[in-house]
Structure formats: C-alpha cells, structure tokens
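In what follows, subunit A forms one complex with subunit B and a second complex with subunit C.
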Partner chain A sequence: MKGYRRYFLNKAMWFAITFLCAFLLNFILPRLMPGDPVAGIVAHIAQGQSASAGVQAIYQQYTELFHTNEPLINQFLYYIRNVFRGDFGFSFSQYPRSVVSVVSSSIWWTIALQFPAIILGWLIGNTLGALAAYIKKGFDKVLMPISIFVSNFPAFGMAVILLVIFGVSLKWFPTSGGYGYDMIPHFSLDFIWSVIVHYQLPFWSIVLIAIGGQAIGMRSMAIYELNADYVKYARFMGIKDRKIIGYVFRNAMLPQVTGLALSIGTMVGGALIAEIIFSYPGLGYTMLHGVMGQDYPLISYTTLIITLMVLVAMFAIDIIYGFIDPRVKAAQTE
Partner chain B sequence: MKRIYVLISLVVALGMLLSACATPTAETVVQTQLVPGATTVVKETQVVKETQVVQVEVTPTTAPQNLLPRDETMYFNGQQWNPVVCWNPYSSNCNNAMAIAAGDNSRVLMFETAYLYDMLDGKLYPLLADGPYQWDDAQTQITFKVKAAAHWSDGTPVTADDFAYTWATNLKYNTSAGGNFSPYIAGVEAVDPSTVVVKAVLNDQGVAANPLMAVAYLSSTYVMQKAWTQTVEARTGEDATAFLADAADDVVYSGPYHMYFADETKVILIRDDNYWGQDASMWGKLPVPKYLAHAIYKDNAAGTIALLGGEVDVSQQFNSNIQDSWKFLGLPISTYLPDPPYMIGASLPTAYYNLKSPGLDNVVIRKAIAIAVDYPTIIANAMTNQSATFDQVPRSLMNPTPGEQALYDHEAVADLQWAGNDIAGANKMLDDAGIIDINGDGWREYNGETLHYVATCPNGWSDWQAAIEVVAAAGAKIGIDITTNYPEWGDYQTVVTKSDAPLPAGYDIFMMWSDGAGPTQPWGRIYHLLSSQFVGMPVNWNGNWGQYSNERVDELLALIPHETDAAQLKSYYTELVQIYLTDIPSFTLMYRPQSFHTVNETVWTGFPHQDDGSVPPVPPLDCMDGWSVACLYNVSLVPAGE
Partner chain C sequence: MRNTIRQVFHSSNFLIGFIIFVFLLLTVLIYPLIIRYDSLQIIGQGTFFPPGLYVNTYDSINANTIYVLNLDDAATKRISDKLSNTDRLAIEDWLVTYGIPETEIDVNDTVNLLELWENNYDPKLSFPGMTYAKRQYYQRLNNSLSGLLATEGVSIATLNPDSGALEETGTVNQSDYVNVGEVANVRLLPLGTDNFGRDVLTELVKATGVSLQIGLIAGLIATLIGLTLGLLGGYIGGFIDDVIMFFTNIFTVIPSFVLLILISFSIGQEHRGANTIAVVIGFTAWYWTTRAVRAQVISLRNRDHVNLSKLSGHSIFHIIINDILPYIASYVVMAFILQISTAILQEASLSILGLGPRTTEVPTLGLMMNWSLIYQAELLGKWWAYLPVIVVIALITFSMNLMNTGLDQVFNPALRD
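Entry: the complex of A and B
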C-alpha cells in the first residue's frame, strides 16, 4: 500500500503541475489571436449609425468594461482574482450574460448527446472488434472493411447522409432542433417522446463513426493478445476458452479504456458538426461562436473545463490502472 | 452483459430527461452595489468607484401553453441565430432580434416608435404619433402629437413625457440611439401630455444641422415608459454599465406582442390582447397570429429545410435558388416578386479600393478592373439571381427602389454607367493609358511595378467570397494579377476599420456593406460611402474605408439635408453619381435586399406581394419592420382543404 500511496502522490503532483500550465495557456492563447473582440461587438451596433463620435464612445465603453485596453498582465490578475471568487467573467459575445450562464445553459445538451454516444459507440465497437478477432473467418472479413470505411467517414458526411435519408426523404425523423419546433419544455410523454425522436439522428451520426474506430482498435489489440505466449500456454494447460477470453480481453481493453477516458474528457468540446447540421443545442456551437467572436472569457472557460475533465479522466485512469493492472502496482512497490 | 445494457438504457434515458427538463435560460439581472469601504481609485481626472456586481437570477414564469397551435402561430427564421440575452431596448447587446431592432426600419412587435417608415414609398406613417409631424417655419424643431389611445402594457397612457424621458435616458447612459442622434437632436420636450417637440441641433445659419437625421429619429428610436425606466435606474443605482446590462425581464412595452418563452432553441412572442393599436385610430383590430415563434437554426441550410418542410412561414435568410421550391417542388412558397430578382434590392454591397495601393491611385486602373468584372456571374452565383442586374438597374449610388431611382437624372450619367464584362473596353483603356505588359510575363506594369493586388473579404461569408473570386478572375482577363485572401472576420474588421493609417498590404480591394433603405436614404448611404469625415478615425465603423476624399462631395453632402426643392435635390444627387462613377473609389458588386422575404403559404396567406393593392404599400420586410408590420393584420389562415 505504501508503494501505491507513492504512486498516487506522484500522479497527483503531475496533475497539479499540468493543470497550472494549462490554466496559464488557457488564458494566454485566446488573447494571442489577431483582431479586436470589442471591434466585433461594436460592428454589430454601429451599422447604420451616422455619428462617428457615438461609435467611438461605445467602443471606449466596452474596451474599459472588458479591460481589453490594459496590458495582458493586468488582465491576467483580474482573471485570477475573479476566478477565486468563482466569477469567470462576462461573455463578450453575449454580454451581459456571464460565461458560467452561457455554458451552463448548453452544456447539459452536449453531455446528454455525447456521453451516451461515446459509451454506446465504445461498447458496441469493442464488442464487435473482439468478436472479429476471436471468430475470424467471414465475420472478420466483413467487419474489418466496414469498420475502416465508417471510421474514416467525416462527421459532416455521416450527419448529412442521415439527415437527407431519414429526415428529408423518408421523413422518419425531424431535421432540426432538440425538441419539437412547436413545443415548450414541460413534463409530459409527448415532450419526452419529442426529445427522444429529435435525439436520434445526431446521436447515431456520432455513434456510427465511433463504432468503426473502436472496432478496429479492439480487433488489433485482441489479435495481439490472442497470439501471446500465455494464451497458448493456457490452452495447452487445458483451461477453458471462456476463461482465456476473459484474460485476453482484460489485457486488450487497457488501451481502449484510456481512449474512452480521453473521449469522455473532451466530450464537453461538443459535437460541433452534429449541432450545426441538426441545429441541435449544445456547447460546441457556443464555443465556435466564441472563437469566431474572440470571446476570450468564454474560450478560456470552456477550454479550462475541457482541460480539467481530460486531466481528471487521465488521473482517474492512472489510478484505476494501478488497481486493475498488477504490473503497475508491482513497479511501484519495487 | 444484460446488466450493462440496462445500465446504458438508464444512462441514456436520464441524460435525455435532464437535458429536456432543464429550466430555460434564467434571466440575469445585474445589479451594481457600492461595496462599503470600497477603494477609490483616481485615474487621471476621473474618479472610479469599485462596485460589486450582484447577479440576481430571475426565472421566467412557466408558460401555460406547451404546444403552440399551428393555426395561431406564425413561424420565422433568419432573424435570431443565437439565444436571447435580454429584453432591454436601451442595451445594444440583447441579441433579441424579434423584439429589439431599432433603426431605419424599426421592428415594432414589442416596442414602438412614433412613426413607421415604408421603404416602398419613402414615407413615414404615424404609429404612436397622431398625424403627421410638423417642422416649424424656422426649421429648428419638429412637433407631433401622441395618439390618445396609445397606452403601455400596464394600462397607463403613453405621454409626451415618456418621449422626453427616453431621449434624456439615451443621452445620459450613452446608448446606441443617444450616440447616433446626439449630434443632430438637441433635446426632446413635452409641451403638454400629448405634444412632443423634438429640438434639432442648429448650424451656423440657425437651422437644423441635419433635418434628415432629425426626422429619422422619429421612426428609428423606441420610446420607453418613463416610470419603468426610473425603476431600472433605481435598481441599478444609475450606473451606466449596470443600466445597460439590465436584463429587463419586467420591461413595460406598448407593442402588440411580448415575451412568452425563450431558451437555447427558440424565442416566442405572444399577442397582448389589450394592445392599444386595436383602436380605430390605428389598426382597428388585433394582429391575426396569436404567437410569433422563431426557432434558432445554426445555419442557412437548416433554416431552408425547415422552410421547405412547412415549419417556417416567413423566412428572412438567404435561401439559395428559392425559385426551385415552387417551380420544381410545387410548394406554396413565394417571394415578393414572382420573377428575378425576387426581392427588392435596398443595399449595395461594395468593393472598396485601397486608394493608396500602387496603381490604385490611378483612376484608369480602378475603372478597368471595375468594368471588367462579370457582375451577372456574381448575381447568379452569390445571390442565385435574388438581385437586380446592372442591366435592369444601372449602377449609381441609389438602390433599385422607385423612390431612390427617381432622385437622379439617368440620362446625364448614362455614359458613365457600365454593366460589366467589358474586357475589350478595359484592355483598350489600359493600353491607351500606356499601362502595358512590358516584360512579357502576362501582367501589366505601372511605374515599373507589376500590377498585383489582393482582393479580400471575411472568411466564411460565402456570397461575398463568391463575388471576390469573380473580381479576381476579371483581373486575369485584363492582365492584372489579382489574388484572393480570406482572413477571419475578427482580423478583417480590425484592419479595415482603422482609418487613421494607410491600409496594410493584402487589402487592395476589399468588400464592405452599405446602408439599405431608410428615411435618410440615399443621403445616408452616400455619406457613409464617400464622406471624408471618417478618414483619420482610429476606429471607423461608419464607412469610406478606402479613405477617399473629395471636397465637392463633402459640400454636396452638407447641402442635401437642407434642400427642399425637388429639382435642386435631383441635381445634387446627379452630381454625386457623376463624381462617384468618374472617380470610382469603390464599386457596387450587387444589390441586396433590405431583408430577405420568402413565405410558405401552407398555413398562412395574405403576405405582401408586388401589386397586391395594399395602400399604403406593405413592404416585404418579414411582417415586422417599419410599415411591413401591417402584414400581421392582413394575413389569414389558408382555408382547410387547400
């Protein structure tokens, strides 16, 4: 246990260092983009105005409000001070909404779409990949090329194909929105059904591509493990196939679990393509809008969330590995 | 394995329930409080008190109607592209397209103006005002009456005091309206409860400095209730930042509709059945649709699919090749005009020259490029023929509306106008000027330098990019090397609007917008295109981004607002067109509608169309801007079975 504690503390320390570096980069990098975010806001207001002085005054007003006229170090100090208060600032592009308000209103749509899609794609993909490696023959010959084809499908391609076939031509599913265009959210079977129906096309556009990628990865790992010496030895020992498969997939699963953790960590980035194609609410489009509008606070906050989630996911994986992979624990106790 | 599937199902179901049942975006009221013992910081001559912004979450009340009846709801697209932020007309940031869009053609669904502008006949029609406005004999002030029937949503009457207090508030907090009109409006006074006097800023001659802008104020600025404004001032401590950031969830309005529901996916307005406008002195009845709903689509393609599918009744967005929907798909979709250009052009997207680029200071080169451009291809590709061609409406400074076209002498400038694609003419012009290919590389030289330019517009603006590509292609045909570059909008705007220094390399030919239709047009458009007032501004959002300067133009721009003689006005405008088409500091690439206006008549009918017989004519501005709001009183349901 002492060795394991050392392992844990070591990982925690690197987590903290990485987080600090990421925090700094999250602040600096968006602000290095060329262009003036305040000018973008003023552009919208100033169209059609005839008084030049009025536009100047508005520009000055927003510049002072957002501190964009101050040195970067001052802006960073304001940022640090506010973060410790739990205030991540106002969104430039959606002022006066706070960044937290902007993100919290759309993040749940993203999580609800991404999380099940990632999990389901991972489960189905890995199952198919494992089966292909184990069964081989015809099943593998069919699954492998299909998986390669589907996994390399661009996200917008899959989304548009599903939209055209099932939304526009067959009219089986709606073409846009998170729920019915004529509905207001309320607790009823009609509304729930509407949400489920609107969910299908964006969901499957993500899952189908995820399945392909996971199947290929799992198949490769499973084939590698199936050819390992310990498997041959176990067979010679007369151990049943069922037990051997358990050993094989436990080993083959490790890299896939890492990939799953990364996917979950980055899911907050949103399914941008699906959101645009299907006009599905979520954080991806909000982030894109923020990037295009040089909305520094929004970009910093969302990338910070992504960074934090990735770090937490990797940290959790490292800890879990310590438990499930005896080789890790053994290395730490040496 | 079975347990895993059960778990997955539960996670999926829970996730969907969570997202669906999430409360709509809470309205945020930002309040500023003075922190006791706050630090006082002296900044040069300004004392700034540190304030603490307190956010108060205001949750909108739950709507009783959860499914909008299709026969009571009119659906829109193309106005709202992101979630609504607030309901405060004093703010410039509410991103609330359905309720707040004051300007040349103010949106009057929730908040109202004194007058409504009709872009089809160029007239102002009374809304909150009672009868026409009057200038005094000295042309120093405008007087109008307030309709006796006009009242606010809380039942109190709209009075002249509301107009006066609104103006004072706009000035005090330096709102967009205040900043725009303060050089032209000296003050707004309430002579009595029903009489408003708008005092103009006077020039050296003791008359209104700009009568056009003074009149434009009447239709371009919302009037707000004095009592509600004072409520907001009290809760924000009269702090300008907090005042402008107030979410205004409790706003008092005078218009026929108000907020019903808004979240990340849509915004819905509901009719106020107590609306004063049903009085005989105004519309005589309520608007027909009970609900006005706008789903938030992420791009034009999604909006077009919804329009074709009958989920949108009125579309204010560019729908590519919209005519295919009725010609080939047989859908009950139509535009204002049945044939190209389908829409009424109002603004003139313009290619500006950087007049300091080598060679572009030479009018021969500027004209050669301009006349060589294939404008029909631009209109066919970028606008899918939703723009008049330059054969149909020869280029000038005026938009295609009959009112503006009548303002200049067409014959006097006919020899200066070009329709484009004149490769032979451009080549001859350049050859005659001695601008030829000396070294045989295929490109002409001028002053020893190969003519090479970069044509540019913001990345992602696909119709503009299509136009710029055509401009570049024209260069190749006349021996001028024009390449294209598409920086991001954030970068582009920063460069283009910096008018206190020469434009950098890479911005030799660049696109920007122009004014559309409005009470000050075409003067406003010409002012923004050509006035030297904007040259030298460090942040120039007004116009003349190519930094053109012409004294006679500035003189004419100063004369026009004061000219009342129609013949003299026509001569001024004609002279301006002549100067513009001679100097060519920029050139129009296409005509663009004030608003795109496409309707699907599956559920509703009676929308404005050309020659529909409406008097005054109802403009195709999506049933909400200026006089086009009359459309909401004229529509009816399509009879069952049709």
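Entry: the complex of A and C
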C-alpha cells in the first residue's frame, strides 16, 4: 500500500503542475488578442446613442469594470481575486452575468452528455474489438472495414448525418436543443421525457465515433496477445480455452485503459462540436457564443473547466490503472 | 528499400488507401487546369441552387435554330410537372367539400378534372374549417393551372422605347426545342451553389487542396518537432530528457483542442490565414510523436551496433542519422500520415467553432462546413452544401488510415493475420 501511495502522490503532483500551467495559459493567451474587446461591447450597447460623450462615458465605465486598460500583471491580480471570490469576473457578452453563472448552467449538460457516451462507446468498442480478434473470419471481415471507416469519420460529420437521417427525414428525434423550446426547466414527467428525446442524437453520435477507434485498438492488442508465447504454452498445458481468453483479454485491456485516458482529451473536443451541431446547451455551445461575442473571460473559463474535467477524468483513470495493473505497484515498491 | 516498397504496395489496405488519396490529389491538381473559375466568385443571386445544368432562358429563346419535335408525351409531362399527385388529391378534396359527388371525380383523368375545377372553383369561396393557408394554397394552385391545357404557344414581345407599347417579335410554340450545345450560355453546376451563391464543386476542389496543404504543413511541423525532441530526449537523456519530458507530459494532459481554441482566439480573425492555422495546429500536436520516438530510441540506444558505432568514435549526430533513424523511419512515416489526417480534422473542428482561417481568401473544408451549418443547410435539406464536404474529409482521413494500417501490417509482422 505504501508503494501505491507514492504512485498516487506522484500522479497528483503531476496533475497539479499541469493544471497550474493550464491556468496560466488560460489567462495569458486570450489577452494577447489584438483589438479592444470593450469597444465591441460598447458599440453594441450604445447603439442609437449619438452623443459621443455618452458613448465615451459608457466606454470608460466598462474599461474600469473589466480592467482592460491596466497592465497585464494587475489584470492577473484581479483575475486571481475573482477566482478566489468564486465568480471569475463578468462575462463581456452577457454582462451583468458572471462567467461562473453562465457556465454553471451549461456544464451539467456537457457532463451528462459526454462521459456516459464516451464510457459506453469505449465498452462497446472494446467488446467488439475483442470479439473480432477471437472469432475472426466473417465477423472480423465485416467489422474491421466498418470500424476503420467510422473511426475516421469526422465527429461533426457523424453528427450531421444522424441529424439529417433521424431528425430531418424520419422525424424520430428533435434536431436541436436540450429540451423542448416551449419548456422551462422544471421537474415533471413531460420535461424529463423531452430531455431524454433530445439526448438521443448527440449521445449516439458520440458513442458511434468512440466505438470505431476503440474496436481497432482492442483488436490489434488482442491479436498480439493471442499469439503470445504464454497462450501457446497454456494451450499445450491443456488449460481450457475460456480460462486462457480470460487472461488474454485482461492483458489486452490494460493498454486500452491508458488509451482511454489519452484519448479523452480528443474525444471531448469532438463532442463539443457535436454539441454545437445539435445546439445542445452545453459548454461547446457556450464557447461558440463566447467566440462570436469576443468574450474572453467566458472563453478562458470554459476552456479552463474543460481542461479541469479532462484532468480529473484522466487522474481517475490513472488511479484505477494503478489498482488493476500489478506492474505499476511492483515498479513503485522496488 | 525497393523491396520494402514492393512489399508495402502488396498490402491491399495500403493500396486502396493510396489509390483514394492519389485520386483526390490528382483531382485537386488537374481540375483547376481545365475549369478556371474563381473558387470564391459569387455567381448565384440567392442561396442553395440545386445541382444541375443551368441553361440561359434568354439565349434559348433567341437561339439561331429552333427545332420542331413532335413528341407524344410532351403535353403529359408538361402537365404532370405543374400538377403533382398531391395537387390532384387536393383538388378532389376541394370538389368533394364543394358538393360534387365523389363518383364523378377521377384524379387520373386530367382533362375532366381540370374542367370540373375551372367550372366550379371560386377563389372567394371559403369553407368552414379551412385554414387561411389552405385557401391561399388553392388560389396559388388555380393561378398556376390557368392555361395548362392550352395548345397554342406564347408570344414574345419587346417594349418599344418611343411609344411604350409592346410589340410582338416572335412566338414560342409548344413543340419548339433548342439544342443545348447551340445555346451560348450554359453552366453546369454539378453540386449546385452554396449559401453565398458560389459554385460548390469548384469551391470544394479548391478547399480540398487548401485543407491538404494545411494538413501537410501541420504534419511536417509536428513530426519535425516530435522527431527532434524525441531523438534528443531518448538518446542524450539526463537533464535535457527531463526538460523535454516535462513539456511533453504537460502537452499530453492539457487537451490539445483547448490549446488550439485559445491560441486561434488570441491570434484574432484578421491575422488567421490558412498557413497560420496550420502552424498553430502543428505546434500543438507534436507531443505524442515525441513520446513514441523517445520510447523507441531508448530501446535502441544500447543495441550492439549503436555501441559499436560509439566505440568507433562517431559523433552523436552521425550515430543518430546512421544507426538510429533507419530503425524508426517506418514509424515516423506512419506518425506523419496520422498527423496530417488529424490536422485536417482539427482545422475543420476549429472552423466550425468560428475560429478557422479568415474567410475572405481561400475556402477550406472546415469553412465550407461552417458556412453550410450557419445557413442551416442540414435542416433545409440542401444536401449538396454539406454532404460532399463530409465525404471528402472522410475519404481523406479514411485513405490515410488505410495506408497506415497497411504500413503497420508490413512493419509489425505480429499484426498480420
């Protein structure tokens, strides 16, 4: 257990350092953008105002509010202060809402959509890949080309095609939104049903993409393991096939767990695009609005939240990995 | 070397991927030589013209030779074009509501049906329960039906600028035809026009070229950085390796898509050219090549032939080039191909978010996707605006991954069936 704790602390430190870097990048990068973000908002608010003194006053007020006229180091101090106050400052495009209140209404949609979809896609993909490696013949011949094609299909392409087939042509599912546009979120059977119906298309478009890539990876790992010497040896020993397969898939599974950790970042990126296509009220959609409104506090916060989500997911996988892979423990106790 | 190439081309996966890729590449190179339209020129006044052959009406009427063809089914086709099956059923509905017994109406007997309609229809009439929209529909239908059964032609008249009167200059008969080859202005739009009224096919070919270029630049940058850092870290080790691995680990954990969004956003719309985007993608994608190259170099570093080379007093540079690179070359090529296809996808995703290259110079596959999504082509059923783009992107990434799988099977014998 002592070895495992060292492994845990080591990983935790790594993630903390990475998060710090991500935090700094999140602050600096959007502020390097050329042009004055306040000017855009002022132009929008002061529409119809002809007195230039009035516009000037509004401009002044907003510049002071957002501190855009101060040196970067002061802005950073304000940023830190806002972080500790827990509101991350105002959103430019949706002033006077704070960034946190804008994002907190969308983050649960994203979490509820993406993680179940990614996990389910991973499970189905690995099962199919393992079956393809074991059964071979017809199943493999059909599954492999489909998997290669599907996994190469751009995530947004899959989303658009599902939308056109099941939403526009067949009209089985609604095409956009997280719930009916005539509804206000509340707790009732109608609303929950509407959410479930709206959930299907974005969910399956993410699952389908995840299946293909995982199936290919699992198939080659399983083929590699099936040809390993220990399998041949076990066969000579007369051990039952089912028992051997148990060993094989446990060994083939391990790299796939790391694969999940590595690909979660990419998958979340693809899933954000799926949200945009289905106008799903999650982080991807919020980010799109941030980009259109040149709202850098919003963008910086959404990207930070996404990074944090991915980091937490990867950390969790790493911790679980330490439990299931005996080699990790062995390496740490040496 | 020659043997390896022959072996690679024996792999059916690689061959199929290679053929698809070469086909795309040749199209991109040859198409502009034959068809010299400007890819971003706005030709259509309006959005989303469907695919087809567009024949100039003015030129057709004024064609030098008018051919007369007496075709039996011409009248039937003309009528069925104006009077669809749903229209016939709607007419029947109206007549029944009006009070004509259903037995007298035969929807397939056009002459009879129209006669009944013309005798009985009154636009002012309104039945209880009929919506305003439905009434409007019947009025429009009535207008389009007038003169449908006429057999005489149409007069062409020009305006006399002095008197302001119309003067007949000619007639067009129902049996008049022109040969499309003889009409001066004919434009083929195989994929219609997009939301701005631009020729989709020409735009698509240009966009494919630009996207491939973005992929190539990004892939080259990512692979070069990844290879250099991986070789240095793996072979030299020590402090340099620690520093390199520190940055590699950070880049691995921060989602590269998030970095891409932040960097593209901070560059600003005006400064984002296609090449800038490519460079940005390249600089955020090198990390996994570094990891993989480093791991392989570490396993090669203590092989006998490398030690022998060290003993012979060769320089580090010489050893890396001659004793290590050849062993990882196949892997680097595969990583390069993967980097290209990922970069093309990344560009497309960025563009959909509105963070792609600026829109005024060249189209890219991502920008075309972005435009069609903004104008809701997918909801309006304008498949020609988005489907070809998706297919081309899928073909590019599919062909590259097939080549990769083929290479993998050649260089990793354990994966062969």
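Miscellaneous remarks
Operating definition for what follows: the second predicted complex is superposed on the first by the 304 of 334 C-alpha atoms of A that agree within 3 Å, B and C clash if a C-alpha of one lies under 4 Å from a C-alpha of the other, contacts with A are read in each partner's own complex, and residues count from 1 in each chain.
Keep this in mind: a contact is a pair of C-beta atoms (placed from the backbone, for glycine too) under 8 Å apart; a residue touches a chain by one contact, two chains touch by 3 or more.
Since the model is a prediction, treat every value here as computed from it, not as a measurement.
Contacts of A:73 after superposition: neither subunit B nor subunit C is touched.
Partner contacting the larger number of subunit A residues, of subunit B and subunit C: B. Applying the stated contact rule after C-alpha superposition, one finds that A:237 touches neither subunit B nor subunit C. Of the two partner chains placed by superposition, only subunit B is touched by A:192; subunit C is not. Contact with neither subunit B nor subunit C is seen for A:170 once the two complexes are overlaid on the shared chain. In the superposed model, A:108 makes contact with subunit B only, not with subunit C. Of the two partner chains, both subunit B and subunit C are touched by A:277.
When both complexes are overlaid on chain A, the residue A:292 reaches subunit B and subunit C alike. Across the two superposed structures, the residue set of subunit A contacted by subunit B and also by subunit C is 33-35, 163, 168, 175, 276-277, 292.
The residues of subunit C lying in touch with subunit A in their complex are 249-250, 252-259, 261-263, 265-268, 270-271, 288, 341, 345, 348-349, 352-355, 369, 373, 378-379, 381, 383, 386, 390, 393-394, 397-398, 400-402, 405, 414-415, 417. If you check the complex, the residues on subunit A that touch subunit B are 33-37, 39-59, 61, 65, 93-98, 101, 105-106, 108-109, 111-113, 115-116, 119-120, 123, 163, 167-168, 175-188, 190-192, 195-196, 199, 275-279, 281, 285, 289, 292-294.
Note for the complex: subunit B touches subunit A at residues 4, 8, 11-12, 15-22, 24-26, 28, 30, 55, 62-63, 65-68, 70, 73, 75, 82-83, 85-86, 91-93, 95, 103-104, 174, 176, 178-184, 213, 240-241, 244-245, 247, 261, 263-266, 268, 293, 295-299, 301-302, 305-306, 309, 311, 460, 488-494, 497, 513, 515-516, 518, 520, 524, 527-528, 533-534, 537, 539-542.
Of all the residues in subunit A, the ones that touch subunit C in their complex are 14-15, 17-18, 21-22, 25-26, 29-35, 136, 148-149, 151-157, 160-161, 163-164, 168, 175, 220, 223-224, 227, 262, 265-266, 268-270, 272-273, 276-277, 284, 287-288, 291-292, 296, 299-300, 303, 306-307, 310-311, 314.
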